[in-house]
Amino acid sequence: MSRCLGLLTGGGDAPGLNAVIRAFVKRGVGQLGWTVIGIEDSFNGLLDSPHRTLPLELRSCQGLLPRGGTILGTTNRGDPFDFPGPDGTRSDRSAELAAAIHDAGMEGLVVLGGDGTQAIAHRMMTEHGIPVIGVPKTIDNDLSATDLTFGFLSAVGVATEALDRLHTTAESHERVMLLEVMGRDAGHIALWAGLAGGADVILIPEIPYDAEMVAAKIRRRQEIGRLFSIVIVAEGALPARPDGTLPSAAERKRALAEGGGASVIAMREIQPHVDAEMRNCVLGHLQRGGSPVPIDRVLATRFGVGAADLVEADRWGEMVRLKNGVVGGVPLVDAISDYRFVDLEGEFVRTARSVGIEFGAQPI
Amino acid sequence: MSRCLGLLTGGGDAPGLNAVIRAFVKRGVGQLGWTVIGIEDSFNGLLDSPHRTLPLELRSCQGLLPRGGTILGTTNRGDPFDFPGPDGTRSDRSAELAAAIHDAGMEGLVVLGGDGTQAIAHRMMTEHGIPVIGVPKTIDNDLSATDLTFGFLSAVGVATEALDRLHTTAESHERVMLLEVMGRDAGHIALWAGLAGGADVILIPEIPYDAEMVAAKIRRRQEIGRLFSIVIVAEGALPARPDGTLPSAAERKRALAEGGGASVIAMREIQPHVDAEMRNCVLGHLQRGGSPVPIDRVLATRFGVGAADLVEADRWGEMVRLKNGVVGGVPLVDAISDYRFVDLEGEFVRTARSVGIEFGAQPI
Amino acid sequence: MSRCLGLLTGGGDAPGLNAVIRAFVKRGVGQLGWTVIGIEDSFNGLLDSPHRTLPLELRSCQGLLPRGGTILGTTNRGDPFDFPGPDGTRSDRSAELAAAIHDAGMEGLVVLGGDGTQAIAHRMMTEHGIPVIGVPKTIDNDLSATDLTFGFLSAVGVATEALDRLHTTAESHERVMLLEVMGRDAGHIALWAGLAGGADVILIPEIPYDAEMVAAKIRRRQEIGRLFSIVIVAEGALPARPDGTLPSAAERKRALAEGGGASVIAMREIQPHVDAEMRNCVLGHLQRGGSPVPIDRVLATRFGVGAADLVEADRWGEMVRLKNGVVGGVPLVDAISDYRFVDLEGEFVRTARSVGIEFGAQPI
Amino acid sequence: MSRCLGLLTGGGDAPGLNAVIRAFVKRGVGQLGWTVIGIEDSFNGLLDSPHRTLPLELRSCQGLLPRGGTILGTTNRGDPFDFPGPDGTRSDRSAELAAAIHDAGMEGLVVLGGDGTQAIAHRMMTEHGIPVIGVPKTIDNDLSATDLTFGFLSAVGVATEALDRLHTTAESHERVMLLEVMGRDAGHIALWAGLAGGADVILIPEIPYDAEMVAAKIRRRQEIGRLFSIVIVAEGALPARPDGTLPSAAERKRALAEGGGASVIAMREIQPHVDAEMRNCVLGHLQRGGSPVPIDRVLATRFGVGAADLVEADRWGEMVRLKNGVVGGVPLVDAISDYRFVDLEGEFVRTARSVGIEFGAQPI
């Protein structure tokens, strides 16, 4: 008898989700004869009544490869293990979800999502025996289990194009331009885009910065006739505390919210030390949208086929990933716990310093 | 004896300024044997000591056509007729400027700039006898003396690409996305980009909006299964006043500043009436930067040649402009006073309504 | 009773066709309550058995605005008045087509197409009484009845981007690069893209060129240290005849086919006169494909609404067009006969010469 | 005493060369105080009289990061060991070159180039004792010593965008479109772009194809209503020989030249077996030009810094390369001999087959 799988997308969208769906369906349905049922809006499509699912067939995949977003939607209304009801109370609806999966005849789930979504998938497996295969999705490329995630280089592309644009206007107006990009905890997008877009300063969450060191860089440029500067700021970047202590995650979140965001805080901190107009720009959701760049389409296609391979080999409980240039699987339980920060002693940071980029802190 | 002209760029930069410079130099220097001296940073290059000028030769133009910004800079440090001194006092330095122009051997000035810059140029002509030729520059396309200004369609291009990106993420997340674009007094960028990018709602300064009418449009879409909506907001758009009176320009400026900007105000006004997450994104300086789109490069080239034609014909006091598809000249004095708002009864607004776009107000 | 219209797309595709369809349906179906039936593959959808048509509803329009090509297809299998049969014989199937239109309950046809398609539409009207409204479609912008056609500036955009790319590689290798673009009879794409992309030489069908004059331009550049040159060649450009006579259209077509295409001929003619490597590149169908640029999306939307306006006003036999910045209608019979060549004495050619572009012939 | 290095770029240009130069100079000149002398047009700048060199200073690097091509030029007039004279005779000018390097006070050379250029550099080292550091440059990504070369993904980007464009026009016209991309011996660009751009068929030099198998794929698509197909063809792809033997390299070169190029041959071979119009498009030099994509800018920056690191460590005779995600060095002698073909049993080909892509041959 032919296999029947459920497939869903959860968490923030990333360019390439549709390309994964397409590749999985082309392989699973087109070549192996499976039935694949798309579940709408993460797990929610099976918690709503009536269920919101749609069969994924070859013709569903037409035009999907270059298309941003996800045709399955990703609107999360809650964790099935702690689902908010209309009256504000919360309840565990995971058993109901497991029953829905069984009733739909699904042998298992293929889950495209970030750490939150994968953690739920993992609980569905361990607590309810639902076989799952994970496909990692994080635009921040902050999952150490995989060398690269799709969507990341598309976001870097949007940020780099923005830096290119800001260069010409910053130079004409002799301004200091700050571009705020995604990266609440890890500064990979800021680091890559800063390198690709020729930023003079990169501020990332991993390196609490000294505003005066940043200003000194801007002044050094002015002294040699470069009257503008470009600063890229990850949304989680904050100045170092005067006393040298590190803020907790909660404190950082609060500081960012109260300060009006990372680039506003940076402007406020740096402005007193420099004699130049400063302006900021927040890229926001523009980084998530649009067609994936070619390398993301290729990676997403490899992940989609890789997920089908894991299903075919009954390697439930694994997540597809790229390691040393090859796509394979890794146990989900190992994958979801492992966060990747920017390596402060790694080649990337060292390369950035070697071309004169300032991080607002001394090298380690 | 060969002619000697000064050339400067003033006001906010716009994609195409360098292309104008290139065309003027190619024609004037390359074919007519003129000397062209670039003045740095608007009129300021001749007020600083030493003067900051550079000869514009054919080789200065290499690579200029596709390049954003302006090689002459546009950092305005003040109106020569009311120039701020280091001690905060202001003085009329226009006679000094006129003398510098004469001393440099310039027969006249070619002034690339917006209404502020052109008004100064006009005063230099009427009060100090400096011959001037104007080239209009407004990214907002809000000058009625010319059918089109370079830079405008490049800005529309950036805004349209942003709408394309927001579409995929808005759809995946079933959100209402607001994109704030330039347009303090006139909504041309919002109107064109809204049409080109498939916005559901366009909010412009010329049409004070009713937030409930906007919300009704969003709800109508939800009812037919379109669970996301895209709103484009000009930076000068504001809700209508409850009593139907129109705010003064000063009141509008204050309302925008205090409210946190047009898209923040729009979110706050509309959110209570709709059941959907709303997010905003402010494009800001991204709209000014980068390489001009082809039509802007063509128009800028035509304007550069047109300015040289006006000089050659000694039509001082005129501004180059496009009218009914042909580039020619118009007296500067007529040009600078004439603002173009969006025509509320014109074909564009009617077309937008015909494809279902909501402006938040009844048609006139 | 509600109106019922047929709508079809004919001839070579152009970016913006889908945007016209969308705007017409949004206005006609969404606001005026009409029924619109899409006919597949030009008139052929009604000549095949069974008929190939599809209802065009609001939901058919989702995602259509930025999408290249046409959802209705445009594969022409023949002129209904002279239709090729399987055995190679030809027959007049226009009466059969008229009957099919009546049987389908269509009050009239909205025809998106070039001169060939519009001529058929016009015959259907005059010989069979079928009411038609035309929407012009020519990527070459060679229809004098309208100031601009959608798709043209998208093609110019593709060609300009190609010129930008060729610049960097031509300069690195000190080569003469030829880019062949569309334009069998009119050189508008070459002229606009040449201006926008900084070509040194523009060769168009309207100006038979002297290869030695082109070579002289290349040599003049080499003498001042510009060791590369960029030539843009319309696909219909040919050298002037030695005896000064003009070739007939048939002779030109033959010369182009036998010579291997316009850019190959140009290389062969020019190479003996210059000391530099020459390479050519033929853009071909890349110019037709892809998402329309914003101004084409706007124009296509205006044309779609304009066509609906003509239907609503029962102005059958007219074609929508842009004239002096406003969309309106013109009798089809006038429109289809009027070809627009590049005006050899017009502002565009003069501007190009003013920035030093060589056409390979003396100015008129 | 401060170091003095020569730096040159050789072979076909690739997006990213300027970014390597910039990074090397920023590190070497800006931070380490070296003197860096750029040699124009590969080794030729030191063979011409007078020498053509230019000092590379920090200000030489302004604006270089996003710029395509190479400011040093790459026009090769001959191998110094076998240099063509004006009378057609050839002579060994390598000793003269070595003397020029010494006379210019260069401690060694940093050589950015492909296998030909690196082989010359290696001979200069072994035969004349000139210390060299190599930086690999091959747009084809066909050097097995490095996991990736800059320029490759930019070329893939151009090819993928072309496929996106061809899709819409192919679909509208129900055509089979062939896109010919670079890759004389290795099909990496075709394979990556084919995956990224949704090609139905990929033809590469490593897999001599059976035209009937390709046609069968196109027919299978027609049977399920997909009336168009997209074929990507590397410029070195050829049909399999009827007798199963493999042609020699010389035979292949001749076959391609005589046949009119890979895509023309493919059309001729496949057309008899399919009932659809076929059209081809040759991307050619468009793949080399233009601004590097962000990942290429990052890699080029890493290579530039990596080359400076090798110089600093006196690791002469090594070539910079990327291996397992880290930039380091490898002996030049090992690097230049090692060609990378597409791995016919590797994950990429298998992934392509898993999404239904046809290579025109049975899997191994």
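List of remarks:
The first chain written gets the first letter, and so on, giving A, B, C and D; residue counts start at 1 in each chain.
One rule holds in what follows: a contact is a pair of C-beta atoms (placed from the backbone, for glycine too) under 8 Å apart; a residue touches a chain by one contact, two chains touch by 3 or more.
These numbers were taken from a predicted model, which means no experiment stands behind them.
The greatest centre-to-centre gap from chain D, using C-alpha centroids, is found for B.
If each chain is reduced to the centroid of its CA atoms, chain C and chain D end up 35 Å from each other.
Averaging C-alpha coordinates per chain places the centre of chain A 42 Å away from that of chain C. In terms of their C-alpha centroids, the spacing between chain A and chain D amounts to 31 Å.
Across the assembly, chain C contributes 164 as residues in contact with two or more other chains.
Inter-chain contacts, as defined above, occur between A-B, A-D, B-C, C-D. For chain B in complex with chain A, the touching residues are 9, 12-13, 15, 17, 41, 67-70, 73-75, 158, 161-162, 164-174, 177, 227, 279-286, 288-290.
Considering their complex, residues 22-23, 26-27, 30-31, 58, 62, 65-66, 147, 153, 156-157, 160, 164, 192-193, 195-198, 224, 226, 291, 293-295, 297-298, 301-302, 304-305, 308, 324-327, 347-348, 350-351, 354-356 of chain B touch chain C.
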